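Below: the structure, in C-alpha cells.
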Amino acid sequence: MLYMVHMQVNLPATLPKAEADRLKADEKAYAQALQREGKWRHLWRVAGQYANYSVFDVAGNDELHDILTSLPLYPYMSLSVTPLAQHPSAIAAN
Amino acid sequence: MLYMVHMQVNLPATLPKAEADRLKADEKAYAQALQREGKWRHLWRVAGQYANYSVFDVAGNDELHDILTSLPLYPYMSLSVTPLAQHPSAIAAN
Amino acid sequence: MLYMVHMQVNLPATLPKAEADRLKADEKAYAQALQREGKWRHLWRVAGQYANYSVFDVAGNDELHDILTSLPLYPYMSLSVTPLAQHPSAIAAN
Amino acid sequence: MLYMVHMQVNLPATLPKAEADRLKADEKAYAQALQREGKWRHLWRVAGQYANYSVFDVAGNDELHDILTSLPLYPYMSLSVTPLAQHPSAIAAN
Amino acid sequence: MLYMVHMQVNLPATLPKAEADRLKADEKAYAQALQREGKWRHLWRVAGQYANYSVFDVAGNDELHDILTSLPLYPYMSLSVTPLAQHPSAIAAN
Amino acid sequence: MLYMVHMQVNLPATLPKAEADRLKADEKAYAQALQREGKWRHLWRVAGQYANYSVFDVAGNDELHDILTSLPLYPYMSLSVTPLAQHPSAIAAN
Amino acid sequence: MLYMVHMQVNLPATLPKAEADRLKADEKAYAQALQREGKWRHLWRVAGQYANYSVFDVAGNDELHDILTSLPLYPYMSLSVTPLAQHPSAIAAN
Amino acid sequence: MLYMVHMQVNLPATLPKAEADRLKADEKAYAQALQREGKWRHLWRVAGQYANYSVFDVAGNDELHDILTSLPLYPYMSLSVTPLAQHPSAIAAN
Amino acid sequence: MLYMVHMQVNLPATLPKAEADRLKADEKAYAQALQREGKWRHLWRVAGQYANYSVFDVAGNDELHDILTSLPLYPYMSLSVTPLAQHPSAIAAN
Amino acid sequence: MLYMVHMQVNLPATLPKAEADRLKADEKAYAQALQREGKWRHLWRVAGQYANYSVFDVAGNDELHDILTSLPLYPYMSLSVTPLAQHPSAIAAN
C-alpha cells in the first residue's frame, strides 16, 4: 500500500556539527536499507529545500508509522502523510 | 528532469454530464499516452479526493507547462508544481 | 485499518429541495449499511456544523477511496483523511 | 458528552531525556486510568506524527478542561477541541 | 454550559429581497425568544461586519447543535463554536 | 463601549516557576480589580487552552490599549481585539 | 476615535454596468461627504488593487458600524477593522 | 509617494532591559525626527498590540527601504509594506 | 522604479469564447506595447499556471496602478504587488 | 532555464556579529560571481524586508539546488522556488 510523505528537515543551529553529521549518516544508511527492501520506493529532493517527497510501500498505517518515527532525523522533521490509491488512468498497478 | 505535480479537479455542478464524461475520457487517453511515452512517470490517486500526485519527466519548465496546460481537465484544475532534484540518499538516479 | 475522516457538506442553495432530500436519504441509508458492516465504525456530528468526524475500518487506502467516493453527497463534500495507527497508550487494539 | 480532541506534542530538544521519559510514563499512566474510567473513550495515533486524535466522554466543558490541563505533557502540547453531537445517521447513541 | 459562537452571514446577491427580509425577521424573532429564555445569553454585532459574537448557555453539545441549525439564516452562515469553561480569575460563575 | 478580546498565554518553558507564579498571581489580582470596576465585563476560559475570551467595557481604544498592555502576562500573550457594536436583535443594550 | 479600515471591493461580473456605475457614483458622493465632515479622515488607493486603506474618526464602534454598513458598495466589500490608539512616539494627537 | 507600513515588534524575553530601553529611546527619537521632516506622515498604535500602522511619504522604494532598515528596532520587527496611490474619491491629494 | 507583480488569471467558465479570445488578444497587444516602451520590463509564465511574474519599471505607485487597472484581463485577475529596491549585492543598477 | 526564487533571511539574534559579517561578505562575493557567470540573472531587494526576489538561469533543477544550498546564508534562509516558462506575450525569449 502506498503513501506519499513530504519531509522537511529543520536542524537547529545549536546542534553540534559532529552530532548532525552522525544523524545524517545514520539517516542515509537507514534510507538506503529501506529502499533496497522496497519499502521506501521513491525518494526525491525538493529543489532548493532541505526537504523530500517520498513514496512508501508498506503493509499499512502501523508499519508506516514505525518506519517514519524510526528515522534518525525524525525529531527534527515536519512530516505530512497522504494515503495513495490506485488511479483509474494509471497504466501500472500501485 | 522531474517535477512533482499535485492536481485537484473541481468540476462545477453545472457542467452537463455528457461534457464531463467526454472530458474525463479525453483526460484518460491523454494521460495514458503520456505515461506510455515515459513523460508522465507516475500517477497516484489521493485517497478520498478527486486529486492526484503525479511525477513528470520532461526536458524542462517549458515542456512541463505545455503538457499541463493541454490537459483536457486543465480549466477545472488547481495545480501545484514542485521541481525535484537528485536526492543524495536515493539508490536510483532520477 | 483505521482512518479518521472529516466531512464538510456544502449543498448549493440552487439544489432543488427534492433532489437534496433524495441525496440525504440515500446518504443515510448508505451510512447505516456501512456502519452495520463495521466499516464505518464511528460517526459524530460536529456541533453547529453540517459536518462530521468519522472513523472507517477498511482493508486499506483503495477500499477507503471507493467507499468515500461512493457517498451520495460526495460531490458536495470537502473531505480530509488522516491514517490512524495503534497508540502505545491505548488500552484497546485498533 | 463527547468531544474530539487533537493533541500534537512538541517536546523541546533541550528537555533532558530522563525528564522526557518521566513525563511520557506519567502521561501513559494518566491516559490509561482515564480510559479505564470511560472518560477517555478513544485514543488513536496519527500515522507518522507525534500526535493523536482522542474522543472524551465527560460531563461538560469544565470537566474536559480539567482533564486536558492535567495531562503531564500538557505544557508541550498544541490542542484543538471540537464538541460533538449525536449524528442523525449514526446507528449508535453517542 | 457556555459556548462562544461566531456567526458570519453571507447572503447571496441572488436572494430575492422579500425572501431576505422574511429570513431576517424570522431570525430576529428566534434570537429574541432564545435570549428571553436565557439560552442565548449575549449577542454582539462585530463592528463593520455582518457577523456577531454570541454566548449560548445550554445543556450541552446536542442542544447547542439543535439551536444553531434551527437558525433561519443558518444555511447562509459560517459558524465557529468554542466551548467555554469557568475561568479561575473570574469573579462570577459561568 | 465594548470589545471582544481573545488572549492566548504562551509562557516559555525557561521562565522560572517562582516568576511564573508571581506573574499569575498579579494577573489574577489585576483581572479581578478590573472586573469589580466593571471594565472587564466578562472573562471565560477557552476549554482545553491556556486562553480566554474577554469582553471589556471602556471609554474607547486608548483606554483599552492601556488596560491590555498593563496586564502582568502581556509580554507572554498573543491578543486579538474585535470592536463590538449594538446588535439590532439584542434585547439588552451593550 | 480612530479606526483603520481596509476595504476590498469584489463586484460580480454579472452586475449590470449601469447598476455598477450608479453604485460607484453613490459611493463616491457618500465618501466625499464623510470626508468633508471629517469622519472619513484618510482615503488611499492600494496600488494595483480595487481596495483602499481608510482612517475613520468617529465617536465609537457603533457610529463606525453605521457608517460602514451604509456604504453603497458595502454588500460587495470585504472589510477589516483595526481600532487605533495614540502612539507614544507620534508628534501629533490622534 | 505614499506607503502604508504595518510594523509588529517582537522583543525577545532574553533582551536585557537596559538594551531594550536604549533601543526604544533611539526608536522614538528617530521616529520623531522623521515625522518632523514630513517623511513619516502618520503613526498610529494598534490598540492592544505592540504594533503600529504608519504612512510614509518618500521619494520611492529605495528611500523607503533605507528608512525602514535603519529603524533601531528593525531587527525585532515584522513589517509589511503596501504602496498607495491616489484614490479617485479622495478630496485631498496624496 | 521597479515593482514585482504576480498576476493570476481566473476566467469564469461562463465567459463566451469569443469574448475571452478578444480579451486575450487585447491583453497581448497591451502587454507588448508596454514592453516595447520599457515599462513592463520582464514577463515570465509560471510553469503549469495561468499566471505570470512581471517586473514593471514606472515612475511610481500611481503610474503602476494606472497600468495594472488598464489591463484588459484586470477584472479577472488576482494581483499582488511588491515594491523592489536596489540590492547591495546586485552588479547592475535597478 | 529560468526560476524565480524568493529568499527571506532570518539571522538569529544570537549569531555573533563577526560571524554574521563574514557570512554576509561571503554571500555577496558568491552572489556577484554567479551574476557575472550569468546564472543569477536578476537580484532585487524587497523594499522594507531582509529578502530578495531573484531569477536564476541554470541547466535545470539539480543545478539550481546545488547553487541555492551552497549559499553562505542558506542555513538562515526560507526559500521558495517557482519554475518559469516562456510567456506567449513576452517580446523577448527567456
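So that you can tell them apart, the chains are marked A, B, C, D, E, F, G, H, I and J in the order they are listed, and the count of residues begins at 1 in each.
Keep in mind that, in the parts below, contacts are C-beta pairs under 8 Å (C-beta built on N, C-alpha and C of every residue); 3 or more make two chains touch, one makes a residue touch a chain.
In this text, all values refer to a predicted model and were calculated from it rather than measured experimentally.
Chemist: Hey, what chains does chain E share as contacts with chain I?
Modeler: G
Chemist: Hop distance check: chain D to chain H, minimum number of steps through touching chains?
Modeler: Minimal hop count between chain D and chain H: 2.
Chemist: Minimal path length between chain D and chain F through chains that touch?
Modeler: Minimum step count, chain D to chain F: 1.
Chemist: Give the label of the chain whose average Cα location is farthest from that of chain E.
Modeler: Chain centre farthest from chain E's centre: J.
Chemist: Averaged over CA atoms, how far is the centre of chain H from the centre of chain J? Could you give it in whole Å?
Modeler: The mean C-alpha positions of chain H and chain J differ by 27 Å.
Chemist: Taking each chain's centre as the mean of its CA atoms, how far is chain A from chain I in angstrom?
Modeler: The computed centroid separation for chain A versus chain I comes out at 39 Å.
Chemist: How many Å are there between the centre of chain F and the centre of chain I, using C-alpha atoms for each centre?
Modeler: 46
Chemist: Two or more other chains in contact with one residue: find those residues in chain F.
Modeler: In chain F, 2, 45, 47-48, 61-62, 64-65, 81, 83-86, 94 touch at least two other chains.
Chemist: Take each protein chain as a node, join two nodes whenever their chains touch, and name the resulting shape: line, ring, star, complete or other.
Modeler: Per interface graph, the chains form some other shape.
Chemist: So which chains end up touching which?
Modeler: The list of touching pairs comes to A-B, A-C, A-D, A-J, B-C, B-I, B-J, C-D, C-E, D-E, D-F, E-F, E-G, F-G, F-H, G-H, G-I, H-I, H-J, I-J.
Chemist: Can you list the residues on chain F that touch chain G in the complex?
Modeler: Chain F residues touching chain G: 1-3, 60-62, 64-65, 81, 83-86, 94.
Chemist: Going by the contact rule at the top, pick out the chain D residues touching chain C in the complex.
Modeler: Result: residues 2, 4, 27-28, 31-32, 35-36, 42-48, 52-53, 55, 82-92, 94 of chain D touch chain C.
Chemist: Report the residues of chain D in contact with chain A in the complex, numbered from low to high.
Modeler: 13, 45, 47-50
Chemist: Show which residues of chain H lie in contact with chain J when the two form their complex.
Modeler: It is residues 5, 12, 15, 61-62, 64-65, 68-69, 75-76, 79-81 of chain H that touch chain J.
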